[in-house]
Each structure stands twice: as C-alpha cells, then as structure tokens.
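Written out below as structure tokens is the structure these notes cover.
Which chain is which? They are A, B, C and D, in the order written, and residues in each are numbered from 1.
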Amino acid sequence: MTTVHITGSMLLQLVVSGLLAGGLYALVALGLSLIFGVMRVINVAHGTLLMLGAYTTYWLFTLTGLNPFVSLVVSMPVLFVVGVVLQRLFVHRVVEAPELSSLLLTFGISIFIANVAMLAWSADYRSVEFLTGSFLLGPIALSKPRLVSFVVALGLTGLAFLFLHRTKTGKAIRATSQHRDVAQVCGINVRRIDLITFGLGAGLAGAGGSLVSVMFAVYPEMGQVYVFKSFLVIVLGGAGNYPGAFFGGLLLGLVEGLASLFLTAQLSEVIAYVLLVIVLLVRPTGLLGGRT
Amino acid sequence: MRDSPILEVREVVKRFGGVTAVNRCSLSLAPGKIYGLIGPNGSGKTTLFNCITGVEVRDAGEIRFKGGRIDGLKPHQVARRGIGRTFQIIRVFPELTALENLLVVTRGPSEAARRRAQELLRFVTLDRLQHEYAGNLSYGQQKLLEFIRVLITDPELILLDEPAAGVNRTLLNELLAAISQLRDQGKTVLIVEHDMKVVMGLCETVFVLDYGEKIAEGPPGVIQTDERVIEAYFGR
Amino acid sequence: MRTAFRSVTGLVTALVILAGSWTPALAQEWTVGASISLTGTYAKPGKYTQEGYLLCEKDINDKGGLLGRKIRFVVYDDKSDPPTAIKLYEKLITEDKVDLVMGPYSSPVTNAASTVSEKYKKLMMASLAATTSIWERGFKYLFMTISPAEVYLEGLVDLAVERGLKTVAVINEDTLFSKAAAKGTIELAKKKGMQVVFHEAYPKGTTDFSALLIKIKSLNPDVIAAGSYFDDAVATTRQMKELDVNPKMYGVTVGGDLPEFYKLLGKTAEYVYGSSQWEKGLPYPGIKEFVTNYEKMWNREPVYHSAAAYGACQVYAEAIKRAGSLDSDKLRAELLKIKMKTIFGDYQVDERGFQVAHKMVLHQWQDAKKVTVWPAAVSEGKPLYPTPPWQRR
Amino acid sequence: MTARAGVLAFLLVAVAGLAVVPLFASGYHVTFIIQVFMWMALAGSWNLISGFTGYVSFGHVAFFGVGAYTGALLITKAGWHWLPAGVAGAAPAAALALVIGYPCLRLKGPYFAIAMLGLNEVVRALVSYFEGFTGGGSGLSLPPILSIAPVYYAMGGTAAAVTLLTYRIITSQFGLRLLSIREDEVAAEVMGINTARLKLYAFLLSAAFPGIVGGFYAWYASHVEPLSVFPLLTTITMIIMCLFGGKGTVFGPVLGAGLLSVFQELVWARFLFVHQAIFGALIVGVVLLIPRGILGVLQQRYQLPRSI
C-alpha cells in the first residue's frame, strides 16, 4: 500500500471542507446553546427537530419544486411552532429539575418523534437533488451545496446575533441566560422567554435540517449525529457564549477534518472527545470563555 | 496575655473576574470567644467564609488554623481539622431524615454517634421528628438541624452564616443560649449577622467588612460609633 | 399502602394474563418461524426479506402446500438486535413449536439466531447471511443461500483487469459485511495483479467523507472500490463529484443496486458500478413470474433481499419434497446433495452448508437504467468505459 | 419486624422459585428471564452512581461493552471458561471507570452527563480501531452456547449480588454519604465528607457489575461487535428502568426492570411498528408523572425505610 503524502493543497482543501462543515455545526449548535444557556436543558431532541426541518424542505422541494434555500422561510417557522409546543407541553416542567429529567425527557420525545416520522414517511433515504458538483479553484474543489449552505448558515447565525443583541426580546434572552433569578426580579417574564428560546432553538435546528438536506440523505434518524457534535461545539465555545458557539463550530469542523486526514475517520471521533474532556477539565468555561 | 490565635486570616484576596470580593483582609481569632463579622450586603462576608472553609480558593494571602496552613485544602479537609459552618441559605439534606442528617457526618463508632445524635436532637427538641425528612421540617427546625449538624462533628471553630435570619423570637433566644453555651465549652464562634442586637449581645469582638476590606475591628460598643462603619452602612 | 400494593399486583397480574394469551393457535398447517428486523438498523432490507417469505408462502399454498399441508409463516420483529433474535428463536422453537425455521436478515443476527436452531437441531435455511465465518463454526443445521461478502466486487476487479487498470483504492464501512467485502476485494485484486494503493475503513454513520476522498484523490487510483451500505454509498458518490475525484472505474457493494440510488443521485449515479446478488432481468427459471407476482402483492419491484428470501424458501421446499419429511437430519442430507436453479440463481453448498454455486452480478448505471455488465454469460450490455471526469458529464 | 420477616420470606420464596425455573420452563421463558436479570443488574448498577449521588452516567453501556469484549477475548483468545471470563469483565470496566471518573467526576451537572455520553462513543470507536485485537467492526464470534441454564444462574447471581450490595450500601454510612452528595454536595464537603473519593468508589462499583454482565452477555449472544454492545439505547433503558422502579432504593431497579421487561415483551409482540414511540412516551410519562418511581412514591407516602 502506498503511503499518502500530505501536500499543501490537500491540507488547504481539507481546511476549506472542514470550515464549510463547521459553519453548519455552528448554526445547529447555536440553537442548542440558546436552550442550554437559558434553561440548562440539554435538548437531546435537537437532532430530531433538525430531521423535521429536513423533511419540511424535502417535501416542499418534491411536491412544489420550491428552492430548498427558500424553503427556510417555511421550515424555520414550522419548527419554531413545534418548539413552542414542546416547551409548553413538556419541557417547561423540567426546567428547574435535575439534568437527568431534561436529558431523559427530551430523549423520550426524540425517539417518539423519530418513530412517528418513520411511520409517516418510512425509513427510506431521500434526498433533495438540487445543487451538485463543485467549483474548481486550481487544486481546490469547492462543493456547491456546501458552499451555499455555509453562506446561508453564516447569514442565519448573523441574523440570530443581531436578534439577540438588538431586540428587546433578544436582550431578555441573554439576560435570562446570564442570571435567571435576577432576570425574573427585573420583570422579565422568564416563562415566556423560555418559550421563545425553545422555539428559536428549534427553528435554528430546523434551518440546519433544511441545509443538511441538500448535502446528505434525509431519513428519520438523520439528526442523531448532530446532537453530540452540538454539545461539543457548546463546550468548545463556552456554555452561554453565543459567538463562542460559532467559533466552536468552525473549530470542530476543522479538527474533525484534520484528524481524519492525518489519522482515520475512526479516530477523529476520539480526538474530538479527548478535546472535549480536556476543555471541560482545563477550561470549563470554553476556549473563548463563558459561564459555567 | 492573649492565647495564640486559633484562626488567622492574613491579607486574603479573592476576585471574581473583575470584582474583588475580598481585598487583603486580615482577621485573628483567639480561642474560646465569640466574634461577629458584619458589613453591608455584598461586602464579602460569605466569600470570606467560603475561603476559610475551602469552598472557594483564595487568590492570595494565607489562612492558618491552629498554626497550620489551611488555604489550599479541600473543604472536607478543612472540616476535619475542626472547622464547622452553617450556610446563609439553609443547606440540610432534604431527602435524608433529621437523624440521618446527623449520622451522615459523624466519624467514629456508630453506636456512640447515634446516641450523640439523639442527644443533640433532644437538645433542640427535634427528637420527635428524627425520622421525618429534613425537607419536610419547618424553616426554624431546619435551621436548628443545620446547627446541630455542625455540633455533632465537634469542631473547635464554628462559622455561623446569619443564624438569626428568619427565626422567631423564642427560637432565637434558644439559639443564642446555645451559642453562649458553646463558648463556655471552649469553642470559638464566628458569626455573620445582620441583626445588630444579636451581634451586640453576643460578640466580644466585631470585624466590619466593606467592599471586601476590613474597615474596623473592636468591641461592639466601639464599633457602633466608628465613623467609617456608619459611613459604610448609611452611605457617603 | 394497601391500595397501592393492590394496584401494583393488579397490574402485574394483568400483564401476566396478557403475556399468556398471545400464543398463536395452531391449525392443520406447517408453521415456519423466523425473526426479521422489521425495526432498527436493518428495518428496510428486513422488510424486503419478509415480503419474499410471504410471497413464497402464498405461492406454495396456491400450489397445494407441502406434504399435503399449507404452510404459514410466524414472524417476529428482532429489532435488528442479535440477543432479541436468540430469545425469539427460543420462543419460536420451544413455545410456538414451529415445524421449520428460516433465517433472519443480516449476518450478525443470523450468527446469533443459528446458535438456538443448532441447539434444538432445527434446520435453518439462512437466506440473507453473507459472512463466511458463520459457516466456520462447524454447525450441522445451517445452510447458506447468497454469495459470500468476499466476492461482491469480483466483477469490478475482473473488468478492471480486462481493461489493463493497475491501481485500486478500497474503502469500507467498518461493519461485519462491508469489511469482509473489502477484504475479499483486496485479495482478488492482488491475486489478479492489481496494486492496492489505499485501504481505510470508516465508522458506521459517517456522513462526511471529505478527508478520505482527498487522500484518495492524491493517490489518483484507477479504481475505487467501496464496501458500502446504502447511505454511505450515496454520500461517497456525491462527495466524489463535489471533490472532483475521478477514478476510471468506481464500484460499490450494497446500495448501488437499489432503485433509490438513482432516485437520490440522479445523473450523478451514471457510470457507477454496483454489485448485486440478483437482478430481475436475469435468465433464471420462474423469475418473470416471481417479479409479476411480487409487484402485484407488494406494489413495488422486488430487490435481491426479497429474491434471496424467496429462493431460500424454494430450496427448502424442494428439500422437504425430496425428503418427504420435516426431519432435520433427512432434510440436511437432501440440502447437502441438491443442485438447483431457483429464481435467485444457483444453489449448491459444500459440506459446511456454505454456498458455492451462486453468482454475483455487476451492473452499471447507464441512462437511468441498471445494466448488468458482468458476468458475460448474463450481461445485458457493455460497460460504458472510460468514465469521463465529473466536469464533463 | 413482622413486615420485615414477611419481605424476607417473600424474597426467599421468589429466589427459590426462580432457582428452579430452568428445570421445567421452556427455553423461551428462560431466555426471557435471563434478559430480565440482565436489566436488573444493569439498572441496579446505574443506581449505585446516579441514583445515589445524582451524577448522571449517560454512557453506562460503555462498561457493559468493555466487559463484553473482555469476556469475548478471554474466551476466544485465551481459552478461558466463560464463567471466570465473564467475571473478569469487571476489572477493565472498573479500570475504565477509574480513568474517566477520576477527572470527570469533578464536572458538575450536565457536563458529567455529556462526558459520559461521549465516553461511550469513544470506547466504541477505539474498539473498532484496534481491529487486530478486537476484530474491528466485524466483532468476535464465540463458540455457540449449547446450554443456557448456567448463564441463567450466572446472570441471576449477578443481579442478586447487585441488589444485595445496594442493600448493604443503603443501610451503611457510606450510602448516606452518597445520598448527601446528591442532596447537596457543597454542604457535604463542608461537613467533612470527602465527596470526591466516595463518588469514585461508587462509580467503580457501579461500573464493575455491568462489566460482569457484559462478560456473560458475550457468551450468551455468542457474538460481540461494536454496534451491538455499545448502543445508547441500552443506557437509556437501564436508566428508565431504575427511575420507573425508584432510584436510590434497593428494589426499585429490580421492580423497574421486571415490569418494563414484561411490558416491552408485550408491546413488541403487539405493536410492532410503534414500540419505539410507546417507549418514548413511557420515558416522557415516567419523567413527568412519577420521577420518584413506584417505590419512591410508596416510600414517601407511607414513610417506608429507604431499604425497600
């Protein structure tokens, strides 16, 4: 067997691919991070919400031919509503409970929804064949769907930041995530903020799903891999640190890519985990700082 | 002539981000006396307690107990050297019974420990409730339970964080009597308290903190007339 | 306390009663037991397997049954979980007292389930297990239907050698079957004088193959062979296009044969080689009728899983006819002797019960159609070669 | 005292009854009970760390998987008898718990859960990676097992051992101290309890038993592979069984495992395609309606000793 010599252009190609993947991680993780920051709830159902977003796009594309990127204007509100309903019916009851309750509750919701999705749409793999192929820049191939998804993810992340920093509701969300009790004392309706936050988090997961659908297959269990990745991103960026989630996402994309280049795909998971544990132990506030 | 101090806090500093919660604070406690630690809200009293008991790690300075350094020790190690404390917000173990709350912290042979626990429960008239979950007890009862949970470990130095807060008069008098009794047994007590009557009636020496700094120290009568103290409490 | 206790005992009693009541009633028919993965990882191929069995049940019964009795399949869901399959075969054999057992879907599940059938000396016709090691345990009552994983890409290697191609990169999902397929491909390639320049496994569930493909791209191999399942096959194909990786031939084991492969990838699937145990256009006896009946019964085209399940059932029925009995040892003797062609192709096993006659086929996606291009004896067309680079497709 | 005698008598009868089951029951019933035993032991083990100290081990199946591989390797490569090989599964499981618990038990709240969740994925990846040793993704095949009765007793013994150990712990000061960690770790520390060490002890114990169960499982299933011995769902199942019965009690995991196993057996047979949804709904129901579990509710309402 020939040994693979890692050349500069390979490295560059991988950095590009890693960053493109990372942009999507950042978007998905931002939703999880919002929910975690405000309610200390680890939403294991986040991946399932992503799946619902992907199916929304898939059906709109298949039935009406709607551009998958345009379908975001449907998938995000739909998932926002789903999130609000879930929060209203279930999650609000475990906000103050020990983390085991929220972990299990959202896991239960997750397998429930995935099973219903399987009954409704079967376990078949589906795909949105919208953009394929790549732009060639010298030795670098820029995947078209990933590039566009990356740009859209970036845009959405930016919009989310604007929302969090410029609007009254956004500021209230940040205040609540910093000091739940203080926010309450200051007259913020924390229950309402929880509701909006979960909706928003779900909406971002839905957006992530729409973007994933143009790259990868759509099926009921497609979201699972994104849950742990999102945790990782949150930890890397620092819990409650929303810009941190963005850089954490890019970083994870890079680390995964480089680890699978220099080692193997098997070990990239291990590297990512070791990174997680080290960060948790050495800098529990995340690489960029945040609140524990 | 003074005994050598049981607790010495020297130039202790604790920061949280940009905020200095305790700023070069020094205290010296002689054995067998009751001390008060007062100061406005947020002046660093609880943080200082936390540094002494190892719950927070001080950033600079030195803490000695009976001559040995205890800064840098873990909380349980500090406790085992002979320092016990209560918390500002009650922290009993709600799903353990009253009796279990005591048994869980005892060291040594279990039969003797059980007898001692029941004795203490009788002492604060909680013996009838010994098998009740601590979380089901009233506020005052929990306060008493937390208090005797400190006593059962037989510490030489006891730190009490606002023992009188939210306690009715009858109970308060019992508590105060119990604290005096501790002194008579040779224990040292350091009390954080807002109720000036309690402080004045009980303490021999009072330390005053403001913005993490010790601004005054002396007998209660003197402290009450200290200008800096009045300024700290009533604004500039 | 008392009421709570009563309600708990009540619940338990109710559960026990329910549990006792689910034993199916037996009529004058032969029951054939099988566990199938109707949910879990293998749900999809599991369903196809079940459909094959049920069509076989219908066809046999329409023709008057076996030894004068109709047959009836008793199928439970093993959740794609081997220990569950163990429990289910125990249940089928000791509780339901089925007359015959057929295999579940997938190698790991068959591996586990066959320990039970072997213990009770029940003859198991394993219809969908392709792992060689299962037949290296010295079992007496386990028979194989499909070609082993190792020969899945024999056609790809053959065609590559014919065209004078020299280098091959092999990737595979790190699971029982895919690994064996990759290992077999590597050995075949080496034996035929090709150079294996790259081999790497990726974990199940991988969606992003960038790093792997970039490494391969730098080696520029003539052939890429993937020991894949469906989703990874789709993803690698797509990402090869995205990363502009241009081998002269590219083939996948599983996935490339399913209609969904083209449905998902569209034109990107063109020129891709896929291997299959079976195609509906093959010249096997009874195959047309099978396809028609299948489409009528299930409203979709049969895939190889269904055909293998049906074929295994056919072989089993033949053995029963010849033995004139359901006795395991008599059946075993027949199954070791039988050489036959079913709708699934050739059947013949060695003394281990290991399949030696069945042939794989290789097809290529040409103009939205799956065209069988290997082996020559059954091929429907010529492979389109060379494969143009992505930018010119 | 009479209640206690009654419970003891009931237990004796139950144990005696279970002991003779393999003599007359069908293979199916025996395998079913083996699985119940397996779940009892797993749920009981999880209870030791998470039910007592409140530290949520969200990747407990990692210890099971490590035990399974240990058993499989000792049987296939070292030629051990399955019984000692299964028991030996405890050692690497506990070692793994030490390596990961020593640093990670310092993590508070959800972070420990996340670290444990990741641990399982990583152990699986490592097992796949070192394929020369572990067979990688294709796993290891063991010799077929021809009699399941011995496995029945081994698994039953393990479940009994976990339950007995839980009883011993719960009636000891060690147990009280573990509970105090769950109730208020800082207060426990300040009262002189070395929580770090106690958590680690509890974690080691709680990891050792899944290791043994895994070792026996390898023999029982006669095949181990990364996907079948490290599923997240196994962790969730043991958690939900423990919660359903009552975490932090002795017989909660036993009851939860028993009831839910029967329940699953029925659901799986009758509602083929919705059993995941039912399981999901069940999880939601337990978390929202009876977070204390059956025995927890009974215990609180009727002031029963914790040792139920």
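Assorted remarks:
Everything that follows uses one rule, which is that a contact is a pair of C-beta atoms (placed from the backbone, for glycine too) under 8 Å apart; a residue touches a chain by one contact, two chains touch by 3 or more.
Note that the coordinates shown come from a computational prediction; the quantities given were computed from them, not determined experimentally.
Shared contacts of chain A and chain B, meaning chains that touch the two of them, come down to D.
For the pairs A-D and B-D, the count of C-beta pairs in contact is higher at A-D.
Chain centres were defined as the mean of their Cα atoms; on that basis the chain farthest from chain B turns out to be C. Computed centre separation for the pair chain A/chain D is 32 angstrom, with centres defined by C-alpha atoms.
Inter-chain spacing, taken between the CA centroids of chain B and chain C, is 72 Å.
We define each chain's centre as the mean of its Cα atoms; on that basis chain B and chain D are separated by 42 Å. Between the Cα centres of chain A and chain C there is a gap of 35 Å.
Shared interface positions of chain B, defined as residues touching 2 or more other chains, are absent. Shown for chain C are the residues that touch two or more other chains, namely 174, 201, 203.
Annotation for chain A: residues touching 2 or more other chains are 118, 264, 266, 269.
Listed by label, the pairs of touching chains are A-C, A-D, B-D, C-D. Note for the complex: chain D touches chain B at residues 173, 176-177, 179-180, 182-184, 186-196, 300, 303. Interface residues of chain A, counted against chain D in their complex, comprise 36, 40, 42, 90, 93-94, 97-101, 103-105, 107-116, 118-119, 228, 231-232, 235, 264, 266-267, 269-270, 273-274, 276-277, 280-281, 284, 292.
Of all residues in chain B, only 53-55, 74-76, 78-80, 84-85, 87, 91-96, 100, 103-107, 110, 131, 133, 149-150, 153 touch chain D in the complex they form.
Across the complex, chain D is touched by residues 1, 4, 8, 11-12, 15-16, 18-19, 22, 38-39, 41, 76-77, 79, 81-83, 86-87, 90-91, 93-95, 108, 111-112, 114-116, 118-120, 131, 133-134, 137, 139, 173-176, 178-180, 201, 203-204 of chain C. Taken in their complex, chain D has these residues touching chain C: 26-32, 35, 125, 128, 131, 136-139, 141, 143-147, 217, 220-223, 225-228, 259, 262-263, 265-266, 268-270, 272-273, 275-276, 294, 297-298, 301-302, 304.
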